[in-house]
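Before we start, here is the structure in question, set down as structure tokens.
First chain written, first letter: the chains are A, B, C and D, and each begins at residue 1.
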Amino acid sequence: MLKSRVIYRVIYGDTDNMGYAYNANYLRWFEMGRGEMFRNMGLTYKDIEARGYYMPLSHIECKFLSPVKYDDLLTIETTLDTSFKGGMKFSYRILDEDGNIVRATGSSKHAFVDKNRKIVRPPVFVVDVIKKSLAGN
Amino acid sequence: MLKSRVIYRVIYGDTDNMGYAYNANYLRWFEMGRGEMFRNMGLTYKDIEARGYYMPLSHIECKFLSPVKYDDLLTIETTLDTSFKGGMKFSYRILDEDGNIVRATGSSKHAFVDKNRKIVRPPVFVVDVIKKSLAGN
Amino acid sequence: MLKSRVIYRVIYGDTDNMGYAYNANYLRWFEMGRGEMFRNMGLTYKDIEARGYYMPLSHIECKFLSPVKYDDLLTIETTLDTSFKGGMKFSYRILDEDGNIVRATGSSKHAFVDKNRKIVRPPVFVVDVIKKSLAGN
Amino acid sequence: MLKSRVIYRVIYGDTDNMGYAYNANYLRWFEMGRGEMFRNMGLTYKDIEARGYYMPLSHIECKFLSPVKYDDLLTIETTLDTSFKGGMKFSYRILDEDGNIVRATGSSKHAFVDKNRKIVRPPVFVVDVIKKSLAGN
């Protein structure tokens, strides 16, 4: 199982009138999480784009469990869901600083498209990196 | 069935490196949609807060069907899901200008909390406004 | 003098912990303002990009005069500063719904770059559209 | 002179259609910078709010020198401008990873308001912390 963690400090610009972090920001945190997972595998998402592929979202979901507030130090945990075929699926958990309290859970599904924005199968160099990372775990 | 529509012009700040609108912005558009629905019912979300209630999200979901680009004029269609109990659920469709092409679909579930951020049942004044709106349709 | 106005309803996602609109959002409103000004001149910024030019910011400034709150209906007023050479400069006023109270003022300076991101002089087709708009006023 | 540095990795959500980071995000980075400066002084902005004070912006400025791109690792450098009276002023530099290339410079001015949002003089406990930090340098 591929899993990675990255931390993020909630800024004022993330908060809203209620004193909580606004919902749309969780999707930015999910992106931070999967970006870090790619980096840990030795293949950044920037590399993937440099090789002519993009990974637009096809589906995103977030369940909000307990509020996130200004200045909270979040742990963003990302897990690769290897059962998903035809693209990539990530699962996320937004945790407090100590990793004990789950603030939110979620997932995102991504397709692969080429330079012409045509949907393609996952490129071999991506599949290989994932396989190697899974084997190395 | 309660349904409302509002339009939004995609700005440069909504776009990303791929030339598409970034995923988190769809959640802002969903908010525009339900805000307009409340307004059409004659009870703004601002009114609800002024009476001491907040409606934090408990769940959000978005399915991305076809890309949204810079300067697109979007139609955000919101439908109230009256089958959801204990809070409020909205369904959304992000449509093109003419309302013919569906760019994305989604939903959001909201709890009601009082000033002390304690979860409460939907306030009577909200339930009444919804009933009246449904009857008036 | 070229001047245009566009309205924007402040959403929850624009607000922060203090109950005011967060500062970075004003820059999005400035963009809405100049986008609308271009549209009124009959040449959208999208058109400019389609012809191979981009207008990155070189400088932005904002003076915050009185707070903007959730659900406020803002009037974004944009004025073209024709005294600025070598690029484009816009001045902005964020007004309340009636256009009487000034919430913020600001300005942005933009360079022109071509497809290779090289700084160039303002393209003739842009200069011509501005001249025509100024003459038509 | 009080100075602090914090790093930030540019995410996809920060980028725009041009392939650069969108201008409004720089203001979020400025906030990260001054938030970290407060933390380094031993008094977080959260503490200031907990004691009943807020620091709304009165003015912000940003000069864009060279583009910031996806996945760039930025160094956000914040300097306290002690010559500014009646509030607080911060200067910022957005640098590349190595701190050699200046991507942008800027500044922000802040007033102090109390719980009733009335402008007040800088609270003694804030002034003291700054003095102590300056003396300790």
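In this section, a contact is a pair of C-beta atoms (placed from the backbone, for glycine too) under 8 Å apart; a residue touches a chain by one contact, two chains touch by 3 or more.
The structure displayed is predicted, hence computed values, not measured ones.
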item	value
Chain separated most widely from chain D, comparing mean CA positions	B
Chain pair with more C-beta contacts, B-C versus C-D	C-D
Euclidean distance of C-alpha centroids - chain A vs chain C, Å	33
Chain centre separation (chain B, chain C; CA means) in Å	27
Centre-to-centre distance between chain D and chain C (centres being mean Cα positions), rounded to whole Å	24
Set of chain D residues in contact with two or more other chains	12-13, 17-18, 23-24, 27-28, 31, 49, 70
Complex interface listing, chain D residues touching chain A	9, 11-13, 27-28, 31-32, 35, 44-46, 49, 70-71
Chain C contact footprint on chain D (complex, rising order)	17-18, 20, 23-25, 27-28, 31, 49, 54, 56-64, 67, 108, 117
Parts of chain B lying in touch with chain D, wherever the complex brings them together	12-13, 15-19, 22-24, 70
